[in-house]
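Sharing a structure with you now.
By letter and in written order, the chains are A, B, C and D; residue numbering begins at 1 in each of them.
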Amino acid sequence: MRREHKVLIEDDLARVVGEKGSTLDEMSIDFLVTVGGDGTILRAMQLGDFNILGVNISRVGFLTEVGVEDLEGALRNLAEGKFVIDERIKLKVEVNGKRQSDCTNEAVIHTASLAKVRRFRISIDGEAVATVEGDGIIVATPTGSTAYSMSAGGPILDPRVKAFVITALAPFRQTLRPTVVPADGRVEVELLNRGPCVMVLDGQQEIKLPAKAMVGFTISEKRARFVRFTKAFYTRVNEKLMEGLHS
Amino acid sequence: MRREHKVLIEDDLARVVGEKGSTLDEMSIDFLVTVGGDGTILRAMQLGDFNILGVNISRVGFLTEVGVEDLEGALRNLAEGKFVIDERIKLKVEVNGKRQSDCTNEAVIHTASLAKVRRFRISIDGEAVATVEGDGIIVATPTGSTAYSMSAGGPILDPRVKAFVITALAPFRQTLRPTVVPADGRVEVELLNRGPCVMVLDGQQEIKLPAKAMVGFTISEKRARFVRFTKAFYTRVNEKLMEGLHS
Amino acid sequence: MRREHKVLIEDDLARVVGEKGSTLDEMSIDFLVTVGGDGTILRAMQLGDFNILGVNISRVGFLTEVGVEDLEGALRNLAEGKFVIDERIKLKVEVNGKRQSDCTNEAVIHTASLAKVRRFRISIDGEAVATVEGDGIIVATPTGSTAYSMSAGGPILDPRVKAFVITALAPFRQTLRPTVVPADGRVEVELLNRGPCVMVLDGQQEIKLPAKAMVGFTISEKRARFVRFTKAFYTRVNEKLMEGLHS
Amino acid sequence: MRREHKVLIEDDLARVVGEKGSTLDEMSIDFLVTVGGDGTILRAMQLGDFNILGVNISRVGFLTEVGVEDLEGALRNLAEGKFVIDERIKLKVEVNGKRQSDCTNEAVIHTASLAKVRRFRISIDGEAVATVEGDGIIVATPTGSTAYSMSAGGPILDPRVKAFVITALAPFRQTLRPTVVPADGRVEVELLNRGPCVMVLDGQQEIKLPAKAMVGFTISEKRARFVRFTKAFYTRVNEKLMEGLHS
């Protein structure tokens, strides 16, 4: 690495390796190298607006760019500017008008009581889309479309499509088909039951939702930015999510 | 009703109407009339081995036989022997070898932590079926095949098929297709993670599952018995679950 | 209707009612009133660039705006300018570089021999998306997302999303999830087998595809334009496609 | 191979290798060794009641038992009686009362005109199950449940379950969920349209169905018998149909 790059180490990691570290919010950095899996990246994304190079030491690591065995070459390419930035839209989330952490992947509204389905009224820009009875509702970005939303039956959204996808979890009588809505609209999910729900943001943060809460989803003014060296989106989908299925 | 029938009133209800009542387990009864929805029936089924006539005052009431407006005629038919018994298999459930309540509909094993998927190893009669990563696993009877399992993407099982259906909840990479297994086999679901799971029996009873628990499913020696006057199974499916879809 | 509107009658219809008619391509018209179902509209769309008011005499008529019983009021509203134009993107289709009819709903590539699956290589802007074995491939507009693509498991696309959806018909081993791609990209489907395929455009026109054909899909420079009086998109989805499911 | 086994060669193959051959129906044989894929096995099954050892030279070969590289060992095991017979139920098919070839995998009723959906009325033992609008209907055995029916969204049926599964092809408004019915019942599919349909038996044989035809499905008195050396059903499912998905 050439000397004009300065490397900062995140506090927790610093302690492990016996170095002096700083917390993510103290750092003024151009690039953040995460070592872990998608969870590590998603947590970092919630803490700030970084260009992220994800190094994978997990089993899938869909959002990561290189394995740990390629770390050295990756850092060299990064230092030499041999990369592109893959910019993705993020989801702005409000509960009864109060802003929450943005989501890179998805927000999941889920019944807090496993045995009890809940009813949700979904609208976009004020127009009723559907009233759904089920375990929950996922609102996902294109980046999140290949994560939890896909497990729940949702489609893949090409990252270039400026849209969100609404997918129901175990909907009774299939009253909501996965629905792709424009990112410049406002999706609202209203909890119709008195019973408790929780919301999980990017699989990292769990929020209790008050009864009758109204949760709003719009595009965030922030973006998620990934350092990419080579692989295109669908190559990644096939390798990470469907490997072995193609012959 | 002719006088050779004796009517007992369940304790809680008795208090409401100012009568003397008895608890379900004190009663020696031929027929139990439930007033409520499916939950009422499923709870009663867990308490004993009754012939059940379900009177519906709920929104769907798939397992019920008559609406409350038809109660009088129903009781007359019951008294006059103008009915058939619709007998269904039940699921025997064991956690690490310890028997739990039987299920009329289904047992659901679910991650206790919404944000965290779990891994489950499923086998039948000792043969590995699949290792699944997801929110949970449903093992359903034919009776339960039109309930939660169907919302999760499972098929309808004709009540005459002596089988159970295993359906995964939001499985990552679709590693488990809904699978129909013979009721005389033994299904085992092994929790591979250290993280907590819960099991919900018939949507009524929630059990904590210890880490690495092994849950076994076989056919119960008990049966669920419903009093039926007229409607056949598929008529019921179409009316209750898909009404308005047929023209 | 006020007198500054001139009404032309299409030839075939004219003969039936004993009037003098003209063919659609001779007419220079602002609005075309179709009487029939979606097929009637889709055929008319292939013949020219009209603002269409669809009058429904069919069973579903998802694309139509009014029933025949409301025809008089509809024509009055039309004459008085009390309507909006609902503009939708169309699909431009090329077979080995040769342009075909545009599609308002979808193009379906299908094995010509029912018993024989075919292999298709799908790419977008030159990047391989997937190689799929199955009965066929549907490329649908948002307008078509609620038609055949939905029956094949595809998501609903809000008409404001500028995207197409690629849905496989009975794909072996689920190698293609429904995939939503940007309308300004170029989708290509390459037939990998020597065996024959056919392509059906908007359910109206059937084209034989030569072995090894390359079929290209981009956004058309033309638009589909529907006269709308009141009902919004999701109201229509719920009424026409899911009626009876909402309580 | 020990000398008490006599080897006959099928006519077509005999010509290729310059030997004297006989046709399958002239042979009185205990075991039939097929070299090919599933299609080869399914065709042979239609010609007689053999114990089949399938040797795979195709890409998937779900029904085959060994690869061609293991042929010698397989024949030795066969000669020495080191195998088990895996017996499966077959489907008896009647069109307007006239019996057709039995199916080992499935019968598919399909619109003959790709652009036109058809309506089908499905009943079991005289009870209406559903009226479906779509491309077609599949009735599959447990053996066929992992073939075309699965591509169309059907569940896996354990071979020990004595049942058939009815799966719709691209059903409009999802009016038929995959439905598992007892093998000792009689499934009937009635074509409601005047338009033509075709039926494909085991992917091998195509039959024109007259308008308004009534197609009946029951269990055949014949069985399909596969020579198996080692692998159990689910191992096969995971290797052949989902390989690479399990880690």
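We take it that contacts are C-beta pairs under 8 Å (C-beta built on N, C-alpha and C of every residue); 3 or more make two chains touch, one makes a residue touch a chain.
These numbers were taken from a predicted model, which means no experiment stands behind them.
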Chain D and chain B are one sequence twice: same or different residues at the contact, by the over-half rule? same
Name the chain whose C-alpha centroid is farthest from the C-alpha centroid of chain A. D
Roughly how many whole angstrom separate the Cα centroids of chain A and chain B? 36
Mind checking the centre-to-centre distance between chain B and chain D? Centres are C-alpha means, answer in whole Å. 34
Could you please state the distance in Å, as a whole number, between where the Cα atoms of chain B are centred and where those of chain C are centred? 44
Identify all positions of chain D at which a residue touches two or more other chains, and write them in rising order. 173-174, 242, 245, 247
If you look only at chain A, which of its residues touch chain B in the complex? 108, 110, 114-116, 134-135, 148, 151-153, 169-174, 198, 200, 203-204, 206, 241-242
So in the complex, which bits of chain D are touching chain B? 124, 127-131, 145, 150, 154-158, 160-163, 165, 173-175, 177-182, 185, 232-235, 238, 242, 245-247
